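Heads up, there are several structures right after this.
You will see chain A twice below: alongside chain B first, and alongside chain C after that.
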Partner chain A sequence: MTRLRALAGRLTNPTGTVFILLALILAGIFVKNADFFAGPSLMAFLKQAAPLVILAAGQYFVIVSGNFDLSVGALVGAQVVIAARLIDGEESRTLPVLAVMLFFGLAVGLVNGLITTALKVQSFITTLGMLLVLYGAIRLWTGGAPTGSLSEAFRTPGRLGIEGVPILGQLPWALLIMLALGAGAIVLMRTRFGRILMASGDNDRAAALSGARVDTVRTAAFVLSGLSATVAGVLIGGFAGVSAQVGEGLEFTVITAVVLGGVVLGGGRGTVIAAMAGALAIEALFTLFNQLALPATLRPTVQGAIIIAAVAYAARQRTRPAATPATVTPS
Partner chain B sequence: MQTTRLAAASVAALGLLLATGCTTDTPADTPDEETSAESGDEWFVQAEYDEQLAQRDIEPEGDPETPWLQAIEPEWIDTTEYAREGGDATVCFSNASISNPWRVTGWITMQEQVAVLKEAGDIGEFRHSDAGDDDDQQISDIQAFIDSGDCDALLISPSTTATLTPAVEAACDSGVPVIVFDRGVNTDCAVTFIHPIGGYAYGADAAEFLVDNLEPGSKVLALRILPGVDVLEHRWAAAQEIFGDSELEVLGDEFTGGDAAEIKDIVTQYLQRGEVDGIWMDAGDGAVAAIEAFEDAGKPYPVMAGEDELSFMRKWEETGMTAIAPVYSNFQWRTPVLAATMILAGEQVPSEWVLPQDPITEAELADYLERNVDMPSLHYAKFGGEDLPGFPESWTDR
Partner chain C sequence: MTRSPLLAMRGIGKAFLGAPVLSEVDLTIERGEVHALVGENGAGKSTLMKILAGVHSADAGTVELDGRAVSFGHPLQAQHAGVASVFQEFNLLPELTVSENVHLGREPRRRGLIDRRAMTERTAEVLSDLGVEHLSPSAKAGSLSVAHQQITEIAKALSQGADLLCMDEPTASLADAEVELLYRLIGRLRERGVSVLYVSHRIREIFDLCDRITVLKDGRLVKCVDTTDITPDELVTAMVGRRIEAAFPDRLPGTETGEVRLRVRGGGNAWIDGIDLDVRAGEIVGLAGLQGSGRTEIAEAVFGIAPFTRGTIELDGGPVRITGPRKAIGAGIALVTEDRKAQGLALRQSVRANARMVLDANARVHSGRRLDRIPGLLSSLDLVSRGDDQEVRFLSGGNQQKVVVAKWLAAEPGVIVLDEPTRGIDVGAKHKLYSVIRSLAAEGLAVLLIASELIEVIGLADRIVVLHDGSIAGELPGGATEQDVMAYATGRRSAEAGPA
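Take a look at the complex of A and B:
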């Protein structure tokens, strides 16, 4: 009986819920179109979902430490446009340009982090500003629309994979990169850095008083988010090529994904694996919509509903322990 | 306490999320369009549809070597009241935006045309303002031009139809000759309104090609940029009309925002559900991503209608697929400045200046690729600037 209750408790906590949700959505897709689970089409799904999963991991670090990063969509777009302009179809420029992009992603994250921590600007103002700065600067730099083109080598990670794998057909590079970075993120959250990050989001004053360098880890979280947007930019640019609209609205999708994963806005709660599962659940949900022949225009509405529902659900979860003062824990 | 704080934070966050959602999702790329506003959700006007389809077969007046000076069934009007002595006119241009590659290409062509007219002494000063797709900004831009009193002619490429109408009327009332081009307004007070045939013709060119080149019973997927922009709606309305009378099955029509990743994602999912034999697009943005979805899924190439954007045309040649490039004539950006100098010289101009709008077929593909060989991929083949002195550097080094 207690075990049952413990199980029920685990499943109804927001972190566990996302996995149930993911399973339900996948079951829905299975009923509608079992062919989806054939190797090649499943791989195609994961290849296309990989950038969002990686972005979700980056966004998780920022959210769990008590901030937001609204600039990721604009950063993804900027990175793809920068890559296309600098590479301009020349294979030999691929690696140097990748280095430039990494540096740029790191710099944007660092600026976001320093403005938020050192200048004490609310993170959603900082990153909203950064979103607009990037959006405008890129249009200024390119004269309104992207120019140049990506090299074949640049497009490889996002578009190609290891060919001829039994059953699966093609094992996409994007999937392998997603698994490697996902594992890295999980490990990172188990280190001292991860615990300080979590504590900073939970109660920054307590964390600071206990000697944690709150500002440093929060800044690092923004840098990680900037780097994740860079990797996502490489994968999205590789997947589909350059267009003027790359990355638009991604910040909204990724925050929906993280919230769906039970990560609490405001910080201190949730796991990175659930955030990444949230991203998969969003992508699977959109696939299900397509299988049900629902128009893609429904997506923003559903995203909005999910954010509201998930935040309300998480708030309800948090209210409960507070109702019994005897068991209040410093969480 | 904690709950209150959390709730407050959530509300604030949501507000901001919505705000950013608006910032980035606002259709900055409502393309290139000619307009006639009607309210309600019915976008199809039979008379306009019939007129545009008929205009495709009418031989335009003028030299085919300079299509930007050709006109279909022009009604020439007298402009001697605007005639002005001495050249070196100040021409002002209120631009809706340069927020998509089509507009960027056209804007470069216009500037090069202005350079030629400055050299010839017809234009002394060319002033322009960019409203960044913001109606209010454009209204105040136009007002500022009127108030300055310096403009000898005013060119306007309106951001939207209904909202900009009073501003254009105010410009007309100021006595300056007004030239409207690309998208229209609900007034004919301008001296001339310059535009290619229009959206119905574009959508019909694309749809007819699919009907002619696909077996009866074939499945077609329609990819659209966004709803509610009249000419994009006209393109789709014309296609629906033609598909409705054909044996083709329309699998669906999806809005993509012109985002390559979204297009590839949607096409991939349709391919997972079943066969797709043809692709109809209301604009060529991201067409290559749709083709790649077929490649990556290991499916045969579809019969496809893209646009005269070079990335699509190059992919078309590379793959040898069956395709057509409908055109929304980009060379129309040359016409307004030329019209301004004509009007200021007291020469006749058409009251509604309908430019030719011929799709690029497979027979012309190699020719247009050759002409544009140095151009970047997000460039439009029928930009019509090959004879301008800045060619090709001004378009290649954008």
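Take a look at the complex of A and C:
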């Protein structure tokens, strides 16, 4: 009985709600089109969802530490354009360019982090600025339209997988990468780094007075977000190819996903697994829209509604009468 | 015909969340009178003043102003009725000028626009009425010294036509010369028939300035006397009163006072100066003093939050430089901070996450053995929770404080500084903490204890170091009388002069 109640409590808190929501959306898809759950189409769905899930994990670190990162969409776009331009169809350049992208992604995260922590610029402004800088710089560099093309090797992780797996058909590399990084993110949150990141997002003063290097862990969170955008860029570039619109608006989808996962803006609350589940829920929702033949142009509106509803729901949960102790400090 | 007093508060009662802070307090103030409201920390002075200012509303009692019953539900109502208040935190807009602040919300207008010239002229008039020179009406409030900001607040009050000016610890952050200026200013106010309610616990100022004194203690009225009818010693006794001796646990058998673990020589920074302090293994040293006397500043300097800029610190005989909390923690110092919610706990995290926070944050003190000790530590503190997963915000104040203490003890410090460890917690938790403090000493820790409740310092400390105005005023043995401590704390007695 108490177990049941504990489970019920877990599911009705904002972190657990996302799993119910995900189940409901999947049920909706099932009703509309049961074939969706056949191995190959399910794998295709997960392959497409993997970049958003990975971005959600990256964004989670930043949000849980008390900031947020609006620059990820522009960074994904920049990475794809950089890859196309530098590889320019040459298979042999794939690995060196991946190294360059990795360096670039980490550097963008580091700059975001240092500006936010050392210069005390609010992360909203820092990363909004970074978004514009990246967007403008890429346009300047490419003269408006992306040039070059990606190599086959570069496109492999986003497009291909292990073939001939029973029932599933193809087991996509993207799914395996997503699972590996997701597991890594879950483990990371259980390390001392993860605990301090969480504490810094909840009460940075208390964390600092306990000896935590608050600025360092917050900067590291931005670097992790930059890393996630780099991986997502590789997968998206591989899956969808090069265009000027790659990554556009992705930052809002990611933040929607994380918030849907019950991760509270302002920090100190929520789990990374729920954030990733939020990303899956968003992707599933869009799939359901397709099944229902709703126009894709509806997506931004739906995302906006979700963000507001999710935050309002979380706020209502938090203001529920808590057994706050009566403390009196007369003076 | 006898005129009614300017202000008559009768039978005022106030409770916060069920805990009475004021009960049956009377206060009357005549026209042109400077009236002191005194009492120890927590006596209810500020609450009474805030009721008068319309910040809080009283649960019981009546307030009459000029013979008419009033009831202020909002600070603006009090202002309109002629009661102005200057709190320790000023209400000035730093980007506006002195004259803009003085006339805020009541700007003189000409043809619908703000008449700047009239505003400046009127401000200059008020200032010269007050005998203030060297304060330009067009200076930005944020650029002013504390004293000039205070004058701006007073000018604002007067230009609103206040009959009664309430001041909360007005000299707390003033230099000596500035205090002189404030004295003159209060003299001027008195000449103009404005009454002043002067909330302070600085005995000398009260005897210099005030006509009558109302003494509060534990939220009750002790007495109201003419200043000429009481001596400073009698006043201190009235403030401290006779208390039922609280039950403090005795020093544990086997507690030995050993080598000096924490030694400060000539420590000072912007707030404190000339601090010489030794705390030995097994010793509890109490820091006593009024609010703003530098108690917390010493704790913050030792822990590296606002480090000493002068002087030296030695730990276990070796010199150390404490430049920040990480350094302090690495060197074996712990600080249980004054404000557990703002500084001590991540409230939305679990008991476990909070208890291991210091270990998690500091590689130098992190170890598996210490992590393993945490559950035992929590139960030895009699923590009451629904398990280690429970978020600490749901715990009572006393249990929250136990989590803070556990978080520090997990790091096995050699020196522990406790700043107001029992503030706002229930009696049971208080007594538990008292015995924890005793057992820490028995284990050979050096304990530095700060408490506003004098009785705690007296009951627990082996030695009491009393601060006044950022310096050590004197040292007393544990068990000293409150009168002796207050004599040093209020500056009536100093180390140089020796015990009177």
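Here is the rule we go by: the second predicted complex is superposed on the first by the 315 of 331 C-alpha atoms of A that agree within 3 Å, B and C clash if a C-alpha of one lies under 4 Å from a C-alpha of the other, contacts with A are read in each partner's own complex, and residues count from 1 in each chain.
Keep this in mind: a contact is a pair of C-beta atoms (placed from the backbone, for glycine too) under 8 Å apart; a residue touches a chain by one contact, two chains touch by 3 or more.
What you see is a predicted model; the values in this text were computed from it and never measured.
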Which of chain B and chain C A:187 touches, first, second, both or neither: neither
Partner chain(s) touched by A:305 [first = chain B, second = chain C, both, neither]: neither
First (chain B), second (chain C), both or neither touched by A:23: neither
First (chain B), second (chain C), both or neither touched by A:41: first
First, second, both or neither for A:199, with chain B first and chain C second: second
Contacts of A:292 with chain B and chain C, given as first, second, both or neither: neither
On chain A, the residue positions that both chain B and chain C contact, one per complex: 322
Chain B residues touching chain A - in the complex, by the definition given at the top: 2-3, 5-7, 9-10, 12-14, 16-21, 23-25, 29, 97-101, 103-104, 107, 227, 252, 254-266, 268-270, 272-273, 285-286, 288-289, 292, 296-298, 311, 376-378, 398
Chain A-facing residues of chain C, complex: 16-19, 21, 41-42, 44-47, 219, 291, 305, 325-326, 329-330, 335, 337, 342-349, 353-354, 356-358, 360-362, 366, 393-400, 407, 423-425
List of chain A residues in touch with chain C within their complex: 192, 195-196, 198-199, 202-203, 205-213, 268-269, 322-331
Complex contact set, residues of chain A against chain B: 33, 35-36, 40-41, 44, 48, 68, 70, 73-74, 124, 128, 131-132, 135, 139, 142-149, 159, 236, 239-246, 248-249, 251-252, 255, 264-266, 286-287, 290-291, 293, 295-297, 300, 304, 307-308, 311, 315, 318-319, 322
